[in-house]
Amino acid sequence: MGYLDGFLVTLKQHRVFGGERVTTPYSGGRVFKRGKKIEGRDEKIDKPERLHGRHVLNRYDDGMEKCIGCELCAGVCPAKCIHVRGADNDPQNPTSPGERFGFVYEINYLRCIHCDLCVEACPTEAITESKLFEFSFTSRSDAVYTKRELLVGDDGKPRQLPWEDWREGEDAHTSGWMRATAPGGDADFVGQVGWSAELGYGVRAAEEAAD
Amino acid sequence: MSSYRWAAGYIDDGDRPKIVTSRFHLEDSYTLERYLATGGYQALRHALARTPAEVHDEVRGATVLGRGGAGFPAGTKWGLMPADKYPRYLVVNGDESEPGTYKDRLLMELDPHQLIEGSLIAAYAVGLAQVFLYIRGEMPLAHERVATALNEAYVAGYVGKNILGTDFSVDIVLHWGAGAYVVGEETALIESLEGKRGEPRLKPPYFPAAIGLYGQPTIVNNVETLSNLPWIMANGAAEYVRIGTETSPGTRMVAVSGHVERPGVFEIVNGTTTFRDLIYGDDFCRGIRNGNQLKAFVPGGGSAPWFTAEQLDLPFEGKLVGAAGSMLGSGAIMVMDHTTDIPAAALTLTRFYAHESCGQCTPCREGGTWLERVLQRVVDGRGTSADLAQMKEIGTSICPGEFPHASSSRHGLDATPFPYKMTTICFVGPSAYAPVHSALTLFPEEFAARVRDRVQIPVTAVQ
Amino acid sequence: MSRFNDDNLRLAKEIIGRYPKARSATIPLLHLAQQQEGHLSDEAMAHVAELVGATPAEVLGTASFYEMFKFEPVGRYLINICGTMSCALGGSDELLAHAEKVLGVKVGGTTADGLFTLERAECQAACTEAPNMQVNYRHCHRMTNELFDRLVDDLRSGRRDGDIPAHGTLARVRQQIPAERAVGPAALDDRGAPAWLPAKEVGG
Amino acid sequence: MSDTVKPTETTPQVASDPDAVSITVNGVEHAARKGQLLIDALADAGEYVPRFCYHERLSPVGKCRMCLVECDTGRGPAITVSCMVPVAPGMKVDTQGETTKRMQEGVLELFLANHPLDCPVCDKGGECPLQDQAVSHGPGESRYLEEKRHFEKPIAVSDLVYLDRERCILCDRCTRFADEVGSDALIHFAGRGNNTYITTFPDQPFASYFSGNTVQICPVGALTARPYRFKARPWDLRQQESTCTTCAVGCRIAVQSSHDEVLRHLGVDSDPVNHGWLCDRGRFNYEQLHSADRVLQPLVRAGDDLLPATWSEALAEAATALGAAKAAGGAGSIAVLGGARGTNEDAYAWARLAHEVIGTPNVYAQMGDGLPADLLVLERATIDEAAAASTVVLIGPDLKEELPVLYLRLREAAVKGRTRLLEFTPKLSGLSTVAWRSIAYEPGTLTAAIDTALADDQIAAQLASGPVVVVAGRANLAESSTATVQAVRTVLAKVPGSTVLPAFRRGNVIGALQVGMRPTEGGLDTRGVLQAAADGGIECLVLLGADPVADFPDADLARRALAGARRVIAVDTFLTASSAQADVVLAACAFAEKAGTTTNIEGRVSPVARQVTPAGSTRPDWMIAVELAEALGGDLGYDDVGQITADIAENVDGYTRVTPEALSAAADGVVAYAPTGIGPVALLAGEAPARSSYDFRLIVSRTLYDQAEGTAHSPSLAHLTTATTVHVNPLDLGRIGTTDGATVKLTSSKASVVCTITGDESVLRGTAWMPFRHPGVDPRELIDCFAHTTDLRIENP
């Protein structure tokens, strides 16, 4: 199929040309009427349970950072939007358990495709995705989230940036993440979904495998 | 000397030929005076009157099987040295540590001159420039007796420069070990003697006879092997092969320990005495203690796969025992009666070999300890049936393929003959697995019960 | 005082002189150092290394391979109770439990008075005399709880000083090679067959 | 017997090759080489056998048991350690069979039993043989439920290497390296069985010049390099092969960088040169690239200050200075010193600039601390030839300190018994213990010592027994360099047919000299230039990465020269003692920031790669030469470095084979023939005076970790330099009436300094040794570069 042929398919699907649109316009939960926002109806619609939003870097209960700076997330990232540098923990005042911690951690959201491979690659469940994707920015430097923006606060809640539209209770849904391999690495559970536990939000039971 | 019984463990009753223990009954057997009075150093004179080659032929003719465990004929071993490469060394292996074995200590404590004379005969026969007598460190009495004997022998002119006025000159240097079972392996012994960690060398490609101590041709002989030589020189190889069987001539020393009425060390005729004689015979151990039943016995030192009552009538002969699925090793029998807790008994041996692993090759270092830990868990009543399978898996990582075991009509098993294949450099790794394999194969029900009931029984069980 | 004293240094040099390569004397020299101090200090190992021409790390590597070398001070009497099969079948576990109770220390521990260190050992080549134990490597056969108690009493009161020297001293008799009788070490570059071998017989 | 009919020979053709051994690998016949180890023969046959302890450059030990295969030598299949067994005719090897696979899986599971599996935080993760082979040959999962071994970690076994005993698989590679190759058996196994671990002796760290190699050969992450620790992961490193220019051995290295920052050097196994080994200085001095002290842009003097300038300003300033100098004193009043730091291309462009555009004959690449260039025209030996010669005559410095990897090669040759070393040294060297004969001489008596030695029957017989290679270098900076030349000439006269391996030390000094950084007719060498400058005869002194104030053996003369030169232009990476005094500083690129070629001691030309963007606005030396020529109204005609490489091949005597094509085709570089146009140096007139019995004869030589700019600006190495003390034989301490560690006064004909004294058995009685360019007292104050030797009086202050 040539380049133009592909474009033709898209056009044919459009209402104007008699097709059925395959996507719905998304408004971020706000309800509009003729281009104007209706007051009092400013709420987000429910998102799928497995939606991948913007990332957070988690901490352990004692406040230690989970990130060990291993760069596996950066290595697996298909969009090459993650930059990590490790460093030696100060034994007297460690940032994370063990010898190594994530000294630099940056995600460029102009590139991120929210594929969640970083989350799957993470050996310590340090990086997870929240449900938040109502965020936009007007400068490139805002789009590059550093450790300062990504790391959750001492309460385990994500930091809310001015251009992010967080709603009541949404910050509690940062821990629910899943991956295709069981967290324990048990080969018997390969292919079955497992849920992690972090910051006291509880563990969900492993989902049954489809077959 | 109150803590020592001077002839501890040695039992001599019955009318058996004595080759190496002929002086054990004498209170002062270890003195030069007594040795000379009982024909000592006459064999050396005989030897010096002949050419070295004739002496070598005599020893070769006697087919003295090595008494260290492998059973390789000493005369043949000597002949493996490359021609024209000098100096050559003799290392006397007195690092006896195999569980159950205990004969070299007696030979060194009770008749050190016999060993010295044997070493001199070997040195003369093959042109050895120096003899190192390596004695296990944990045997200070043996060390004192041998040192005294050597000092006497030097002064009397039997050792050192121009022995007995001939141009035969050789030094015997006494060397101590410091506690490591694996050093009993001949290449590890050489490493240790070089002042290094006693880690066995890989053979092939090189055997010590070709490249040994300091890279020179080296003979490593066991204490008992060498102690036979004076008798052979004095009485002739023909006389020697008249004792015992064709394949296993002479006598050998056997220690029988464990649950028998009268444990002890015996010099037996090679190849003819059966295990039943040894365990039940009046001249030997006189049966199981308290009239109990025999459950199992280890026929040849801790490394050997176990036998049960079914194998009692086998003679103490290397080839036959090998075919039956075990080995004679260094001449030690350990007897377990029916009260013995088999998993716990196996653990005592596996723990030994895990502890004594030198650590250089992976299967032994990791596998031995892993076996010990799993077995410990099973013995402690915390094991699962997966653990039993796991132990066999670890075993096949150390010894791929079939592992030898005895036949068992109870379990409908035929014997798997010796030897085994192994992924390790020396026999310590497989030895850690041998007791586990024997116990699991011959007594699976005890492990099943242990895993099922999760109970703990003391190793000695009923006294 | 960790390096060899003058007497022992002389002895050490004599021992080294018996071997074709000095490094072979490592273990005997370490025993000598342990005899002097009761255990091996870093300084002693460094001195041995100097004498045998190895690096201290090599001497440490050798020393730590062998069980008899102790790197920390141990009691005057090192009690080793054998736990391998024959002795275990003969009741060594019970003996060990008794010893722990009597001495008031666990395996590996040293009594507060510095007299006894208790260890569990592997086969001591006295399998027919089970259960067997050693005090400073002197065998004690067919031990019972009563015999053990008596032995400990004897050791405490010094009644056994005659036959059981303090830890470190192995044999009280040393080999002495009279100078006029000594052949000397067979040097490695001495490539000829020994004098008594007829030339044509080489090859053995 | 006559009635026996022999069947026709059907042996395959390979049998006709006397060195071929036919083996069967998984049913397929393969011709292996005689004496080859089975593991290598299998690799040649395309069957990679997993291994951990086996390393081609170390003796096999067969400890890890990973390379077990089933091999049938006619007595049925037997388990065979493929790294220990040489191939034998008719071997039938099975690397794919059930037993082999079972063994590999079993051994790997056992390896992983106690391994912490902390790959995400391990520097080796991603390039780890244990990881790789666990995937390719392992069982896939571990069933080890027991508690793993625990050790304290990480342990700094040296200043540069960390040890993690939990990850260690006890393969014996690092310990074997330390013992067999590096000669410092300072790390060793301790403990036994399951408690075996690697250790150093308490308070005696693995302070080897070669400790970094153990990190590279460790098959797991047990040994990691402190400078690289947690800096990057293997998958985000880019790498190029290059050649180290820290010294003149020219080790092949892989330069690795991430995010435009050089983070690691690895040794590349170049058979003729370094066998994969590197010294720690070459391995870790990449840190200088990112030093905050780098000169990142041109500087121009304004009064007492050097102020940043644009390139056009600085070049114009430099051109003006050169023009004014030429106008004032003619081209002969301009001198260009240096060039050993850069590439051949840099040196060639500068040589052309100096000789053709400026027109001066006063050009020299050495700082008076090397040997006269006429050594280069002697019949040359390669490193391989030296390491295979029956005798190597060492006349020169302690190679362990100056050319560490050459030291490794010669040590190996000596230890393996291939080569006998006949060493003449003023002080015990790293090779003295393995030398066949180590002859110590007092400075000033070298030729006499050689005469005496060569008269010895045994030595004469040894020299006559086969090829002889003379390794010649500068043993003593406090002695005239012509003493060495005279010594070499003596040996060559007495042992005809011997060849010379010049042990010059500075990075590309041989390349610079060969491509033209040397005086033309009537030109001055460095000493001559400095003397002329001190006398006011130099209008403009150009320092091309040269630092005479810190490097020239006679400190006083160098100082006076810099003060006396009317204008000074420096091309440098750092503000050194000399370039800080310049009027114009042109900011130069460092190693790994520029491409080109370099020439090592044997004349081997190999490429240097540009791996990262030059720091700041720095430029390569050759580009600066081109632009300066342009500013002076000339045109060298180069737009890129490749043109210069081609130009060198075309125009430089001896470099005809060294074309860009030949270089890209040869993995190990191309050996350039020596130039012929260098005339013999004149020997210093007269004899060295006898030493009075009250005096000590001074020896000054380099150590590996001195205060060279590259070392001093690499934080991991900088602190390894020790303060200067004067070393005398312990027996001489009493004669002086002092004790070890006390302060003494040293007086020579030039100056008097106060210094701490150390008793050192490697120093001969009657001589005193001081390290060159160490912090504290500067021994160069004592040296008179016009004298044969330097004598000292040592007394209590």
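A, B, C and D are the chain letters, set down in written order, and residue numbers restart from 1 in every chain.
Operating definition for what follows: a contact is a pair of C-beta atoms (placed from the backbone, for glycine too) under 8 Å apart; a residue touches a chain by one contact, two chains touch by 3 or more.
Since the model is a prediction, treat every value here as computed from it, not as a measurement.
By number of C-beta pairs in contact, B-C leads over the other of B-C and B-D. Averaging Cα coordinates per chain places chain B and chain C 21 Å apart. Separating the centre of chain B from that of chain D, both taken as means of CA atoms, is a distance of 54 Å. Put simply, the C-alpha centre of chain C and that of chain D have 47 angstrom between them. Annotation: 65 Å between the Cα-based centres of chain A and chain C.
Residues of chain B in contact with two or more other chains: 180, 197, 355-356, 358.
Counting partners per residue, chain C has 54, 58, 61, 65-67 as the residues that reach two or more other chains.
A complete list of chain pairs in contact reads A-D, B-C, B-D, C-D. Residues of chain D touching chain C in their complex: 184-192, 199-204. Taken in their complex, chain C has these residues touching chain D: 42, 45-46, 54-61, 64-67. On chain C, the positions that touch chain B within their shared complex are 18-21, 23-28, 30-31, 52, 54, 58, 61-63, 65-69, 80, 83-86, 88-91, 93-94, 122-130, 134-141, 151, 160, 163-164, 170-178, 180-188, 190-198, 201-204.
Residues 61-66, 68, 78-79, 81, 84-86, 99, 102-103, 105-107, 109-111, 113-114, 143-144, 146, 169-170, 172, 189, 191-196 of chain D are the ones that touch chain B when the two sit in their complex.
Within the complex formed with chain D, the chain B residues making contact are 180, 197, 202, 204-205, 354-363, 365-370, 373-374, 390, 393-394, 396-398, 400-401, 421-425.
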